[in-house]
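Letters A, B, C and D mark the chains in the order given here, with residues in each chain numbered from 1 onward.
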Amino acid sequence: MGAAIAVTVWGENWHDRHNEAARRVYPEGMHTAIARGLAGSADLKVRAVTLDQPDQGLPDSVLGATDVLTWWGHVKHADVDDALVDRVQKRVLEGMGLIVLHSGHFSKIFRRLLGTNCSLKWREADEKERLWNLDPGHPVAEGIGEYIELPCEEMYGERFDIPTPDALVFVSWFQGGEVFRSGCCWERGHGRIFYFRPGHETYPTYYNKDIIRVIANACRWARPRVMIADKCPKTEALEPLPPRQPRP
Amino acid sequence: MGAAIAVTVWGENWHDRHNEAARRVYPEGMHTAIARGLAGSADLKVRAVTLDQPDQGLPDSVLGATDVLTWWGHVKHADVDDALVDRVQKRVLEGMGLIVLHSGHFSKIFRRLLGTNCSLKWREADEKERLWNLDPGHPVAEGIGEYIELPCEEMYGERFDIPTPDALVFVSWFQGGEVFRSGCCWERGHGRIFYFRPGHETYPTYYNKDIIRVIANACRWARPRVMIADKCPKTEALEPLPPRQPRP
Amino acid sequence: MGAAIAVTVWGENWHDRHNEAARRVYPEGMHTAIARGLAGSADLKVRAVTLDQPDQGLPDSVLGATDVLTWWGHVKHADVDDALVDRVQKRVLEGMGLIVLHSGHFSKIFRRLLGTNCSLKWREADEKERLWNLDPGHPVAEGIGEYIELPCEEMYGERFDIPTPDALVFVSWFQGGEVFRSGCCWERGHGRIFYFRPGHETYPTYYNKDIIRVIANACRWARPRVMIADKCPKTEALEPLPPRQPRP
Amino acid sequence: MGAAIAVTVWGENWHDRHNEAARRVYPEGMHTAIARGLAGSADLKVRAVTLDQPDQGLPDSVLGATDVLTWWGHVKHADVDDALVDRVQKRVLEGMGLIVLHSGHFSKIFRRLLGTNCSLKWREADEKERLWNLDPGHPVAEGIGEYIELPCEEMYGERFDIPTPDALVFVSWFQGGEVFRSGCCWERGHGRIFYFRPGHETYPTYYNKDIIRVIANACRWARPRVMIADKCPKTEALEPLPPRQPRP
């Protein structure tokens, strides 16, 4: 518990270079904003990487040193190498944490780990979102009050095509009339996964202190407790068995 | 509820042609034994298909007419086309049922839908298995007593690398000292998935009436309740929203 | 599946006699409105009973012949005999279904079976409720579209102090800004429990066809699959054990 | 995280005074053995109390200062005051942890919080138990290998009448042929509950280092994250609502 948690913030970094509205909000990139927010927590050791870097930002030297990976992507999901998805999936199943943000619901890695389409309803209309805290005792809700209110966000609405979460921490109310399971926890293999809905590229969501707090909390919750390589061993009996009969 | 449930029994059909011990037990193939067992239920309309057939046994004309698919494979998992796995996954998420049998735990389709390695401990030692019925009210346990005893089976032991099942119906005791979650239910998309452990190719497990009864029960439980194609729609607000502000 | 499901609709029957607004909406009582709505389903055999009747409406002759019990109460929860709560709990654990409606969240039987306070936020303001269907394949949502809209209802808001539901079928959006887990399934013992939020005494909610359809669906889903009396048996070993050593 | 966790070990303390075999194994009482075992962990501040003490060992001054309560009882369950059960339930729902040990499955507090009968099969035959670790990444399994083996224990067998656990950490194999869900986690209100099966009064189970380690781990996992008093507030709308219409 003493050692800092090595968090790697992965960003697609496309909108925040090529879309004017996003650039205005995140002039140094969304990944930088998220990483700076998390770096305010002394127990998190944060680095940010992007799709355009060598090995798409996650060479073994980085992935193998990552305790918790956060993932934001949107229009470049298809560009992520399947081999990288294999490597991230393998490491999550061994014990690494994964925090999937907003439009990352359609990332290859999220769909790979959950097995479903992860589709949803959506609308961009600058509307109000209120994330209700259903589980104030859950570690990812530590320090959060009854709700988080965001004045402007993209809407995501149910039905969200996901496996039933192991824990449902936040449910969003949207001004336009929809609801959404906005904070969802799963365990897969030895790793923990948290999906957190807010974070459209044209809103300053990742400067909101409560949003950053939830992501930091999630990094703590999802930090590895074990790292165990997959195996499927032939194993000897622990109790005496009768001798095998010759096949007739 | 009136219409018969269209069950397709998919078999790898390799051991039961090439392995002497398996051929002796299943001279007409394991898929034939399973299909005949299920065909004893008047509400199931059963067909059997195999890997060697055109389109690996599952052309659209068959898959599209299948309510519940049962899957037994072992040494030929890698031969199953990824495109077929895509099609089966799509249909399960739309609402089709899937019953995965024994060594099918390592099939591409099971791992695809669950997202984990699905690995386990194993041993072939002709030992006794006793499947304890933890949930007698669950539809897949209908008509089953406190346990099912199989005099000779392959052992599968924990830890079984699966997501926590939505329902855990059977847990196995093995003579050699292990336990195993043998009857597991999940929902993915609109489809239901049941994993049922017993059924090694050299034992007459698929002639056991209780084993067949569980598989038939599972076909009833997993029959489609809806068939809904995936979509991710942009949607209009249901409530009045304030006019969008021009971006500065 | 052939036999009709014996549904007993239990009503507190206080507001609908003593409160003018409720009497105007339900002149023959809420229990009568619910029972008539359900009686439109040929597979349900419905009777209505009330708190003021002998044995508070549920003598053994009635309870013992009930497959599914629906429960609406509000201001008279404390009047329900603990011995009746014991009997209902016992029968649910044996296999009977229980549908708890609206203010029944605070009934003795619901709290007894769930073990939590079942408290929530509330407000009476004639506001709009929209129940989103999160699980269209679930039997209690059969025939229901993307949502059910009620023009006027009491608001119930999170946090709802319940154990995590086994299945979450509906989540409500409220005009005033809250969300609520409105359709929740649990299994306790061999029985199934469904909580369904809408149904304040001064609104015509129980005349809404979709609301009645959900309750009828829930009766089908919760009908007994087994009826098993509780036992805690001393049992003989199924496998040979070494002789017990004399205590020193 | 810095402050020690205040653990109160509650013991019925009957067998270990009146039963010769139990006295021989636990001459200073089972509660003392458990408390000493836990006190080996520097982060746990442990006290032991018993049924015969004033307020049955749990006056407000003790209960109100307890972070995690462990509970072992067997033949004196009925002697525990209902008012004490009310107070413990209230504190668990507010956030206190509860660790229920072995025959505590039939305690009033466990049945109260779970809502089911909590019955099971049982046999005293000095047989071997092997607890398989299904979830090595779970905090209660920290430092535990693939299994814990106990040479002599009472047998508890399925069906264990409990709500489906939120997490299933251990499943036991018994020499006589049964299996059992031996390590089960639930959340109720803001509190966490762990049931741990082993610990019959005539076996030295509570001197086993792994058994104590699991209980100590469970105390850490179940320590309060929040303490929130129950409320059911009437609440004002967060969004503008249309004026209420006068009732006709």
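Points worth noting:
Keep this in mind: a contact is a pair of C-beta atoms (placed from the backbone, for glycine too) under 8 Å apart; a residue touches a chain by one contact, two chains touch by 3 or more.
Computed from a predicted model, the values in this text were never measured in an experiment.
Between the interfaces A-C and B-C, more contacting C-beta pairs are found at A-C. Chain copies chain C and chain D are related through a rotation whose angle, from the C-alpha fit, is 180° to the nearest 5. If each chain is reduced to the centroid of its CA atoms, chain A and chain B end up 29 Å from each other. Chain A and chain C, compared by their mean Cα positions, are separated by 36 Å.
Centre-to-centre separation between chain B and chain C, using Cα means, comes to 33 Å. Chain contacts: chain D has residues 130, 136, 157, 164, 166, 175, 177-178, 187, 238-239 touching two or more partner chains.
In terms of inter-chain touching, the protein chains here all touch one another pairwise. Put simply, chain C touches chain A in their complex at residues 130, 132-136, 146, 157-160, 164, 167-168, 171-174, 177-179, 181. Considering their complex, residues 1, 95, 130, 136-139, 142, 166, 175, 187, 190-191, 224-226, 228, 238-239 of chain A touch chain D. Those residues of chain D that touch chain C in the complex are listed here as 21, 24, 89, 93, 106, 112-117, 119-123, 125-127, 155, 157, 161, 163-164, 166, 175-178, 186-189, 202, 230-239, 241-242, 244-245, 247-248.
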